[in-house]
Structures are given as C-alpha cells and as structure tokens.
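Lettered A, B, C and D in written order, each chain numbered from 1.
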Amino acid sequence: MTMAAPHSTSSARDIDTRKNRQAWISGATLIALSILVTTVFSFETTGNAVFRLSRPSDTWVLPDLVVAAAPFNYLAAAVLAFLGVRQFFRGGARWTALSIGFGLVLAVAAFLVWATAGKSFSLTGMLQATMVRAVPIALGGLAGVLSERVAVVNIAIEGMLLAGAFTGALVGSLIGGFGGLISAVIVGGLFGLILAALVVTYRMDQIIAGVVINLFVLGLTSYVSSQVFQEYRFLNDAPVFRAFKIPLLGDIPVIGPMLFQQNLFVYGALVMVALATYYLFYTRHGLQARAVGEHPRAADTLGINVYRTRYVNVVMAGMVAGFGGAWFTLGSVGRFDENMTGGRGFIGLAAMIFGRWHPVGALMAALIFGFADSLQQKLALLQTPIPSEFLAMAPYIATIIVVAGLIGRARPPAADGKPYIKE
Amino acid sequence: MDIELKGITKRFGPVIANSNVNLTIRAGEVLGLLGENGAGKSTLMNILSGLYAADEGQILIDGKPVVFRGPGDAIAAGIGMVHQHFMLVPVFTVAENVILGVEPTGKLDWLDLATAHDKVNEINGKYGLEVDPGTRVEDLPVGLQQRVEIIKVLFRSADVLILDEPTAVLTPQEVTEFFEIVKSLRDAGKALVFITHKLNEILEIADRISVLRDGQIVGEGDPKTVTEAQLAEMMVGRPVVFEVEKAAYAPGRTLLDVSELTVLSDDDKIAVDRVSFQVKSGEVVGIAGVQGNGQSALIEALTGLHYAASGKILFLDKDITHASVRERHRMGMAHIPEDRQRSGMISNFTVAENMVLNTYYDERYASGPNIRWPDVFESAAKYAVDFDVRTPSVFTRAGSLSGGNQQKLIVARELERETCLVVAAQPTRGLDVGSIEYIHGRLMHARDTGDGVLIVSSELDEILSLSDRILVMFKGRFVAEFDATKGPVDKNAVGLAMAGAQA
Amino acid sequence: MTVQTSSDTLSEKLLQRAAPSRTEYEDLVVVPIFAFIVALIIGALVMLATAVDPATIGRSYIALLEGSVGSLNAVSETLTAAAPLVLAGLGLALGFRAGLFNIGAEGQIIVGGLVAAIVGFSIEGLPWALHLPLTLLAGAFAGAAYASIAGWLRAATGAHEVISTIMLNLISYRLLDYMLRLPWVQKAERADPISKSVVESAELPRLLAWIDANLRVHAGLFLVVAAVILIYWLLFRTKLGFEFRASGENADAARYAGIRAPLIIVTAMGSAGALAGLAGANQVLGVLGRATPGFSAGIGFDAISVALLGRSHPVGVLFAGLLFGALKAGGRQMQVDAGVSIDLIGIIQALIIVFIAAPLLVRAIFPWGFRKSVTDQKDSAA
Amino acid sequence: AFTACEVTDTGGIDDNSFNQTAWKGVLDAKEKLGVEARYLESQAETDYEANINSLLGGQCDVIITVGFLLGDATKKAAEANPDQKFSIVDFSYDPPLNNVVGQVYSTDEAAFLAGYLAAGVSKSGTIGVFGGINIPPVTIFMDGFYRGANYYNKQKGTKVAVLGWNPETREGLFTNNFDSLDDGRAFAQNLFDEGADIVLPVAGPVGLGSAALADELGTDKLKIIGVDADLYLTDPQKKHVYLTSITKRMDSTVYAVIEAAMKGTYKGGVLAGSLENDGVGLAPFHDMENEVSAEMKQELSDLRKAIIDGTIKVNE
C-alpha cells in the first residue's frame, strides 16, 4: 500500500470524475439560488425584518434582531454567486458539501428575511416549536434505528406510536401521568415483541408484519375510541406533563427556551438519543447488535444469539416508540383521538433513512422537519403571497430535496429486511 | 486435545449431508479433508463448531462426550472455525471483528477497544500475522481478511482450528506464508482441520487425509504415499483428467483492442490506470493478479457495467467505449461474472429463466413484447443437458442448485449463443475438480473454435494451464507479460509479479 | 445416435414440472380459511372485551355476511368498494415485483382522480366513446407522471422511494385542497370545495341502474378485469415483465444481464402510478362524479395491504381486493344493524393478513389442521 | 318505533363538533320524544352515498345527514326516494326539495360578536384565529371574527390585531386537517408566541389541542373561544379555558326537524339559524363572567340587536 500513487496528477485531471460533476452541479445550483434570491427576494423588497429573540418574561432580554431586508438579501445573493462560481473554478473538492449546505441555509435565511420584511416574528418561539414538533419524529426515527440496526425493518412505528398515545391517554386517565407513561412504554414494547415474534420466529415478511401492526392498532384504537371513550369520557382525560425550566440553562437566551424549557418528553428524547448512541456504538451489546444487523451468520458463528438480540432490540424500539406515542397525549393534549399520530411514524421512518441509521442523524433529520414545519406556520402568519396549502407542503418538499440532493444512496445495515434462518 | 466424531448423520430435509461419519482429529496434526462440492465437508465441520446440531452421532473430546447447543459452546470447548465464506462484518474494524462475542468490557458495558487492539497486536506478533487492528475489514485485501479470521480463532484461544477452503482466494506467495502460519500453529500443539479442493496443497501440508463423498467417508490417505490422481478418483469416483487439452496456438484477427483505458472505482480512486492490450481470436489471455488490483474494474469497463473515465475500447473494430451492456452482448461478448450468487444469476428465478437472463429479448425466445416460454423451456432443457447442469427440472429454483451446477448454468447461458469473445472472471472459484475440469474444457472448446477468451483469475494454476498469454496486473497497471505459447511459464515469476515485484 | 436419444429423454425429463406439494396446497387453501376463522373469533373477543353482548356479536357477523354478499345491493357494494383497491393494488404489486416499495398510491390516486375530473368536466360535446377513454387515460397518465417523480428521484439520485412517496402523498393532499378552490375547478355557486361535476359522456355508466337506481356497481368493473389480465400478461408473459421481475429479485444480476436499472425503475414506478391514477379516475368517474376533498379515502393504503395479501400476484390481488371490498361493505351493514363500530373491520383485516402471511403461526395454532411435517418431507422427497 | 337516523361526516360521531352536536339533537329527541336513534359514521367521502343507501328501505323515518360535503349525495338519494324524509345540516338547496330540510346557520353573525368580545377582552392587543382547511364553512367564522374585532377598533379607536386570517387575500393559518389535536396545540402556541392572548380555533376537534395549551399556560395568558357547541359543556375537562363559544345550535334544529317529522308537520325547505332565532349565538361566559366587564356585556347585547335588525352588516 506504500506506493499507492504512481499516477501523475495530469491523468487525474482530464478524466471525468464523479466529484467534478458533483462540483459543477452544485455550482449551478448555487448560482440558480443566487438568481432566485436577487430576482424574487431582493427586488422591490423594502423595510426591516425583525426577529424577536426574547420574550418580555425572559430573565435576560435580548434586543430584537433587526435586519435590513434588501441589503441583506443582495449580500446573500452575492455570497451565493461567489460560492457557485468558485465551484466551477476550484472544482470544489471537499468544499462542495459545505458550500451547498451553507448555500441552502443562506437561501432559507434570505427567504425568511423577504417574508418578514416590514414585519416581525418570534425566532425563539419558532425554535422552541421546532424542538417540540421534532420530538415524536425523532423518537419514531430512533425506534427505526434500533430495530433496523438488527436488520428488522420497522414499518410498524406508526402503529407503535399510536398504541403509545392510546395507552398513555387511557392509563393516564385512570392512574395518572407517570402510570400512563410507563404503560405506554410497556405497550409499545409489547408491539415490538409482537413484531419480533412475527418476523423472527414466524418468519413473516417484515414489511407485511409492519403494515399489519399499523392496521391492527389503528383499528383497535379507533374501535375502542368510538365504542368506549364516547360513552365513558373520564377514560380519555389524562393529565399533561408540563414544561419545566432547567435552572440557569433555561435562562440562556434563544437556546434556553429551545432546549431547557421543555417537558419531560423533549428531555427524554434527547437523553434517549444519547443513550442509544452510546449503546449502539460504545458498548458490547451494541457491537453485537450491529453485527447481527450486518452479518447475522457471522454473529451466530461467534456464539451471539441472533434471535435473542433481534427480540431485545425490537422490543427496545417498541418501547421508544411507545414513549414517543405517549407524547401525543401525555406530552401534548391530554386526550386520545382516532389516528391522532397522523403519519408521524412514517415521517420518523424517513428521518431514520435521512439520518443514515444513526440516532443523532435521525434527531437532526427530525429537527429539519420540525423547522420546516414551524417555519411554515410562521409564514402563514406573515401573510406571504404563497397560498397556505403550498406553505404546508414546505416540510415535505424540503425533505424530498434534502434526501435527493444531500443524502443520495445511504447504506442500510447489510442484512436489513432479511430473515435469518438457522440451518 | 483430541476429538472424535462418531457416527455423525445430518439431514437437510430430504438431503443427507452427512451419513454415519467417523473422524478423528489429533493435537499437533493437520488433518486434510477432501471431497467434491456438496460432499458434506462444511456441514460436518459446522456440526463440530456447534453451528448445526447433528441428527445422530456423538462428539467426543479427549474421550468424553460433549453436546454443543450453539457455537458458543464449541468456542468454549476450544474449537474455532474459519468458514468457507468469510464470517466477517465488512463495516467493522479488524479489532471489532476479532472480539465480537468475547468483547473485553469496562463499566456500563463499555466496549474496551484499546485492550482489543493490544490483544490483536499481541497475536500478530506471536504468529507473524501483521494486520492493523484499526482498519475496516472491507478495506482489506482478501488475503488479510483471511488472517483476520485466523486471529479471531486464536483470540478465543482455540486448540482446534478448522480451516474451510482457506486458500481458495490466496496468491501462491500468500499460500506459502499461510502454510508457515499453519505449521507454526501445528507445532504449537494445536489440532487443525484443513479443507481444500487443491490436491497439491493437501499433499504438502496435511499429516493425514480423509475423503468424503456423498456425505460418507470413502477413504483415507497418507500424504507421503498417495498421489493426486488417486485422491481425485477417490473424491469423484472416476479418473479425472488434469491436463487441459488444447489445439495448437493459431491466433486470428484482433477482437478486442483496449488502449489507454482508465477506470475509476466508486469512490473516485483510480482502479485501472491507462491500460492497453489486445485479445485475438483463437487465443486465451489470462490476467493474473491478487484481488483488489483492478481486475474487477477492468472487467466491468470491458463489459459496459462501469463507465470508462478515459481511453478507448475497440471490439470487432467498433468503438464500444460508451456502448451499453446489451449492445456488447449482442455483438458477441460473453461474460461470466466473478460473483455468481450476486450478479451471475437470480436465485429465486427458475433454471429456465436464468438460462435466458440476457437472451430473453432475442428472436429465438420473443416475438413482439411477448416471451415465448415453451421455446425458452425447451432450449433451457437442451442447454442444461449439453452443459451437464444437474437439476431436477428446468422449473427448479436456481438458488437450490449446488455451487458447481450454478456455475455451469451460467457458463451454459454465456456459451450457448453465438459469441466471439468470452470474458470470464474467476470461472472456477470454489468448484471441485470435476466441475473445474468441465468448465476448463468448455472454455478451451470456445478458444479452439475461434473465440477469444479473456480470463481473470486469482487462481494462478488456472491461469497457467489455460492461457496463451499472461498479463499480470498490479495496482491498476500491467506490470508483466508472459508468453505461454513457447513453453511453460515460470510460476514463481508470475507470482512475484502479482505481488508487485518488478519483472 | 444412442447419445442423441439419451440426451433427448434427459431433456424431456427436465421439462416435467413437479406437482404442487402438499405444503403449497395447504398454504394456498387451508391457511386462508383458518386465518379467516381465527380473525373472526378474535374480533368477537374484542367485542366481548368492550362489553358488547353475545347476541349483538352474532347479529353483527350475520350483518357482515348480509352486507357483503347477502343481496344484490350487497354484492354491488362489495364490487364497488373492491374495484379501486384492486386497481391500485395491482400497481403496487407491480412495483413490489420490481423491487420498489411504493407507498405513494394514495397520492397517485389523488392526482389521477383530480386530472380525470378536470378532463371529465372541462370537455363537453365529445361522444361517450371518445370522452370516457380520454378521461381515463388522462387519469392514468397523471398518476404515472406523479409516481415517476419518485421513480426518477430514485434512479437519478438514489433517494429512497419510501421517503419520497410518503412525502408526495402528503403533498398531494395539499395540492387537492388548493386545486378544489380554484375558480375554474370549483363547482359554480357552491361555496364548498368540490369540483364541477363530470359530464355524462365521461362517466363510467352504472351497470345495474335498470334494476334499481341505488345499485352503484359501474363499468369500472370491466376496467378491473382488463387490468388483472393485462398485468398478469405483462408480468409473466412479456419481456418488460421479465425485466421488472429480474430487477426486483436481484438488481445486480439484472444489470449484468444488460437490463437498464434506471429505465426499469422509472417505467415500473410509472406503470404503478398509472394503475393508481386509474383507480382514482375510477372513483371520480364511477362513484363520485367529481373530485372532493379526501376522495382518495385511504384506498392507497388499503391497497398496500391488498397487494401484500395477494402476494403481489395479479390473481391474488384480485381476490384480496374482493375480500377487502366485502369486509368494507359488510362492515357498514354491521354498524347499521348491530351498532358495532366499523373500525372493528380494520382489526379483522389486520388479523386475516397476519395469519395468511405467517403460515407457520397458523400451523402452530392448529397443529391438527395440517399433516405432520415429517410426512411432508417424505412427500417432497418422493 | 319512530326511527331517526344520522349519517355523519368523516369526522365521526365523537368529534366534539358538528357531528356530535347534531347527534345530541337526535339523542334529545330519543329522550324527550322516545324515538329510536341510529347513526352511521362515514369513513371517507366515497361512503356518503353508500351510507345513505344502506339506511334506505323504510327502516328510518327521517335521515339526517351532517355536513355540506353530503350535499350532493343527499340530493341524489332524496330525488331517487321521494317518500323518504331527509334533513341535512349545513346545507340547503336552491330550489328547495320537497323531502329535504336544509339547516343553515349565519355563523358569521355570532363570530362577529366573538371578535368584538375578544378585541375588548384582550390585554395584549393581539388575538388570533386559525382554521382547519381553507373552505367557506370554516372561513365564515374567521371572517366574522376578523370583522367583529375591526368593528371594535373602529368604535374604540384601538388597534387590536387579528392574526391568522386576511379576509381580502383569503389566506391565513390553517392546520390543513381536522384531526390532529397536536396541530391545534402547536398552532395556538405559534399565535401565543406572536402575542395573541385569545385564540379561536375553527377546526373541530383540533381546537381541543389549543385548549390543552391554554390549560397549561393558564387562562390569564391564553383563552380559547370554542366553536359549534358550547365547549364549556361538551369539554368539561378543560371548561375553564373557554372565554365563550360561538354556538351553532344544530342540536335544536335537528330536534325540531325530528319533532316535526314525528308530529306530521314536516315540510321540505330551509331552516335557517341566525342570531334572531337563537340558531347561532354566543355561549354564556360561565367561569369567565368576571373577565368580561358589564359594559362589554351591554355593548354585546346592543350589537346583537343591531345585527338582527340589520343596522350593522357583518359581511362587509
């Protein structure tokens, strides 16, 4: 391996490398963004965009962030153009990803400034909402990571979330919030167990098993909700875990409200992401779990019990999803409603893929989604000329763009979706 | 530690993989285990290593019967196995692979990788293995992956090492080094079982030889007295011809003319670097090289699976540098891909469907948008017979055939149609002598009837016995060329060139 | 000469198909029957657990039967509900066969149905024989185009189709809401967001209106039958189908065989979208007569179950679709007659799929229902 | 027995909103008139026609369909079955059908009052509104609310801002669904972050999520105005957060239709609910009595009269 480069650089130059093409494509994208920012977001834009960083009630009140709209956007366009042109001349290399990432952020900022020109909104509130909206998606994504890392495809996240929400509401109404939360986690784990049994022991197709669990949970919870909750309303009136401020940290401007003035579920999600990262990548059982996901036969030959590992991890995934599901009821509105998870489990699945099967990646993906979602709400208030339906599409379109443009072919665990048959 | 297998029988549904097998394994000795594809060697050893449970029979360790409920038990009893198909997690590092299942752990289940690295280095030093514990296994050449497997077994302080076809992927130099390791292990008092299809190797290294056929022990041999021919006959049940018969070298027109071809790997590294060569009709050109030196990328570029970053490929005087896979097929290029399971066939398709995998659109089988299945079935049956593909019917799942028959199926598909250039990558990897004999005969037949044949193989003997000209590839370039038409080529010289020594 | 004949008889032997084994027969016939029975029993247990008295449970299952096949109207409702499920299910099955997990049928139904509605109301004066096919084609084409976005993204950038189709579903809902309040789409003088009505020449005529005006079964039925045959033919008889299946089973091997993966991905997605779009058009032209918010009614998601239950085989999809249609129609009757919430049907559907998709489970529950596995082995060995 | 049947919209019978309010009318009739009551939930729009069909055939004396989305299906069934009595909530036909009573409501009148009230009660000078989907049955509330607050500004020279709806561009804040309670919470939070201390969610059960937020924040920070039913009564768990509700007395109109059908006075046509006949109105303030000044109460009652006699137009 020592004489790895007997090649002249000239031969590397004139050949058509993928990297060069990528550099050109991203260069063109950046320039297109620059043109967009100039023509649409800067031209005829006047006034200041005011972003409120603090609420009057905060301990330390920061002044509002006032941005002169037109100059800022012209500047942004110029930077974008510079980055784009640079791509063509320098071929980008390792700057490509960075440039395009920075360029996207800049374009979003320019868009925001344009929409806010002459008005104001609470940036802190938006970030706090970003975090809140990201929680169920991040937990769903984390549940996906845990089970797919042992090669069990988890389409059932949606159902597990819904089961958690339902149990949280029902048991929470009867014995209180913590009881509800624990039961939700247990029931989530139970569905994890069912999924594991179906796919590991009974070798059912993993996708069918997931779809079926979703269908079953939706049917059962809707049935009970209309057949029972309708009549006995006290069964569907759970207490909500309130936000509590972590002393000192919670007082940090902007970041404080986002991270440290939240409820149990937000802290729980952050802790779980950290724990899962530790478990998967720094512990013995995590190593074994990943081995089972990548090459179950190899794990088996080394005396690792593939089936048991799959059971354990899928049950853990179910428990995480159960916790995430409880967020809908115990962490948000205190009552269950039919299909109240509204597809958040599927978005969690997307977050998992987008986050490259890594807990932190899934959290980041969920935050991007949460950001697009709360941005959309702010824009609706700012009265942009864009119809509300199109604003509501923003998170979804953003997800597609990011997945297509930045992620490309992510590599799932090698054995993902394949049943393991001993002998 | 001595081990005795007594009356082992194992069935997979209707298949009897082992039937009443008795075998003794002794400390300080290398037992050579021979047998055709599907004879039951791997199954027997998987039973010994606890992966499978025997249906009947007993395992005795130092005279005491033991029962293994899983590989964990066997490992605990000091039995380690290096599997025929590597049991390594490609995305893990060497150290992670080695410790998997017996991880050194700190508090809170913390994975102690530092200790793991130390231990790997310790074993490295003891047996002269030299593998960097921090490298990802998928980035290692096959030869080194092999060593990782051995380190794994040693790390578990095994006294019995089972090596299932460990040399199938090694260069001659690597085999020599590997045998050194085996000998040092034997001298350290370990018991070894060595499975291979290569008779010369077994004669060189084994202290005793057992031969399996159809799941039964059919004979034993003493490596000092027995000959290769005797062993081969014992395995196959009939005399085997080792020499490849071929007609006199009479090259015709140039079929393939490659000039200054550069190919990039998926991560944009240069895999093939400005390579030029030609293949003429009626000749066999062999490309020798250790895996990972660009042969696969070269083949992919020639067959249209990977784009050429620069350079030119002429086929039948036509520029096909940017032609599609299909166009090249149509012009008469046949391709036997190196990984038959992954890319050569579709296991869930039937034999018939696989037989027409790249000819289904041909007029012979299709009219308009339709495929005429009866015609397909008939042809498939014919070719299966012609090429000795042993299958219950053409409607059988191809995945259920044995490896040798799968390979014959692919060869049948590629050679039955009108071709003029055969590109064969590792055409006989992992096959037994009988199948190898057959496939070599077929390739030579193609040459003798005027086709050009390009063979890429890491099996040096194969290259030497088939090729008219030999090109040695190292780090993406041809570093040596040998002419085999005027007399035998020096095997050592080729081996050295493969290892990068300047010719 | 002798060699010749022996190889001929050999190849003849190779052409003999093995008779379907006992296990195959059991999986195909016995397992579904058991699955259905177990699902009903568990459904009854759920009802018992929620304080429904046994008499009502009995009444509800009788209603389920009556409502699905008990009368002409019931059969008509079953067929009406099954039609879009089968159409969209066929599309999904096609995708599954090609290795694409397309969750996007819902969005494709919406876009297909919406475009069909627009073509259906905006052209007037065309004869029936021209207008209806044109409208159906427009729906199919729109569905295909919408699905192709996900296909193209997958082929060009590797973006996972599961994500992109989920997102495209969500986008399509908003798009529909938006379109329905555009002045040229919205029904005149109606404040609510429904499209103009499809003119008569674009409607799928009701087949049994001459018996009773309330019988809703419509000419979309012919579409369904044609689609089942077409997809069967496409998948198992044509070159394109072979390419689909090859790519789905082993994309690598397909590439080696000269099949162009990107093209296949886009074509397969497109065909799947066309069928889903047709399902949307079927609803708009045959059932609703116009586009309304949420007219897709989750059919795209039920179709996933239908395709999976039908094992991605056109005939299987047909039967699975009919089963789901029957449960839907019967469930309605169940709610009316016995007052049991139709949501129970969801539970029963899920259970049926579980038991059909995991034959091992059914065998474990009913060991006496099946031959012992040892005899099984002897069967296949013989 | 005399049987009254209800076909719900897709929200389901338990939506805490118009399906449920209408069902309450049927239940009232069951209790007071001794009729038999049945309902059928629509799971999707494709079900409407089938659901109505399955209630035909003489088992129901009167069929009540709920929601404007059932308009066409009801018309079709009514024309095909001229002897069957129908009534539809939130819809009317022009020309009227002989066997359908359309029940419609001038909700903007009540919403106008609510807007006026909210503008007066707000301490922050900002009030907010959001809707389910951008469709007329929703936006009519938002229009009335917006104009009511503006009327207050005009009268008092104040500058109370209404967030979430612009009657000119007809764009605003919408959850784009009627079932995600969590959206209801997030959207209210968003409005609260921008300074609103009173929020009107016009999105059926989604509004219950907003109520959960107000409960958590405390009613001094955020108050909710309910829609359709008096949510103080129908959502007893969170009753303390409701300043008032814009009521649409679907229960009383439904009851009236059933009673008429039973007594033989049933006649097809339109039954219009307005401030005048108490078909729509503002619910009592209940626990919030003290939050609303006597002066405001007086003004509201005057405003109500003015709207009824037409001196104030709510729709301009």
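We take it that a residue touches a chain if its C-beta (ideal position, glycine included) is under 8 Å from a C-beta of that chain, and two chains touch if they have at least 3 such contacts.
Protein names from UniProt, one per chain: A, C = Nucleoside ABC transporter membrane protein; B = Nucleoside ABC transporter ATP-binding protein.
Since the structure is predicted, the reported quantities are computational estimates derived from the model, not experimental observations.
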Using the touch rule from the top, point out the two chains with the most contacting C-beta pairs. A-C
What is the chain whose Cα centre is as far as it gets from that of subunit C? B
Counting in whole Å, what is the centre-to-centre distance of subunit A and subunit D, each centre being its mean C-alpha position? 36
Measuring from the mean C-alpha position of subunit B to the mean C-alpha position of subunit D, what distance in angstrom results? 75
Return the distance between the CA-based centres of subunit A and subunit C, expressed in whole Å. 31
Can you list every residue of subunit B that touches 2 or more other chains, as numbers and ranges? none
Could you list the positions in subunit C whose residues touch two or more of the other chains? 174, 177, 341
Please set out, as single numbers or ranges, the residues of subunit A touching at least two other chains. 225-226, 338, 387, 389, 392
Pull out all the chain pairs that touch, please. A-B, A-C, A-D, B-C, C-D
Quick check on the complex: what are the subunit D residues that touch subunit C? 10, 38, 40-41, 43-47, 49-51, 53-56, 68-69, 71-72, 80, 133-137, 176
The residues of subunit B that touch subunit A in their complex are 12, 49-52, 70-73, 75, 81, 83, 86-92, 96, 99-103, 105, 108-111, 152, 262, 264, 268, 270, 273-274, 307, 309-310, 475, 477, 500
As the complex stands, subunit C meets subunit B at residues 7, 10-18, 237-240, 242, 245-246, 249-250, 252-258, 260, 377, 380-381
List the residues on subunit D that touch subunit A in their complex, please. 12-14, 41, 134, 163-164, 166, 169, 171-174, 176-177, 179-182, 184-187, 189-191, 193-194, 205, 208-209, 212, 215-216, 236-238
Touching residues of subunit A toward subunit C in the complex: what are they? 198, 201-205, 207-209, 211-213, 215-216, 218-220, 222-228, 338, 343, 346-347, 349-350, 353-354, 387, 389-390, 392-393, 396-397, 399-400, 403-405, 407-410
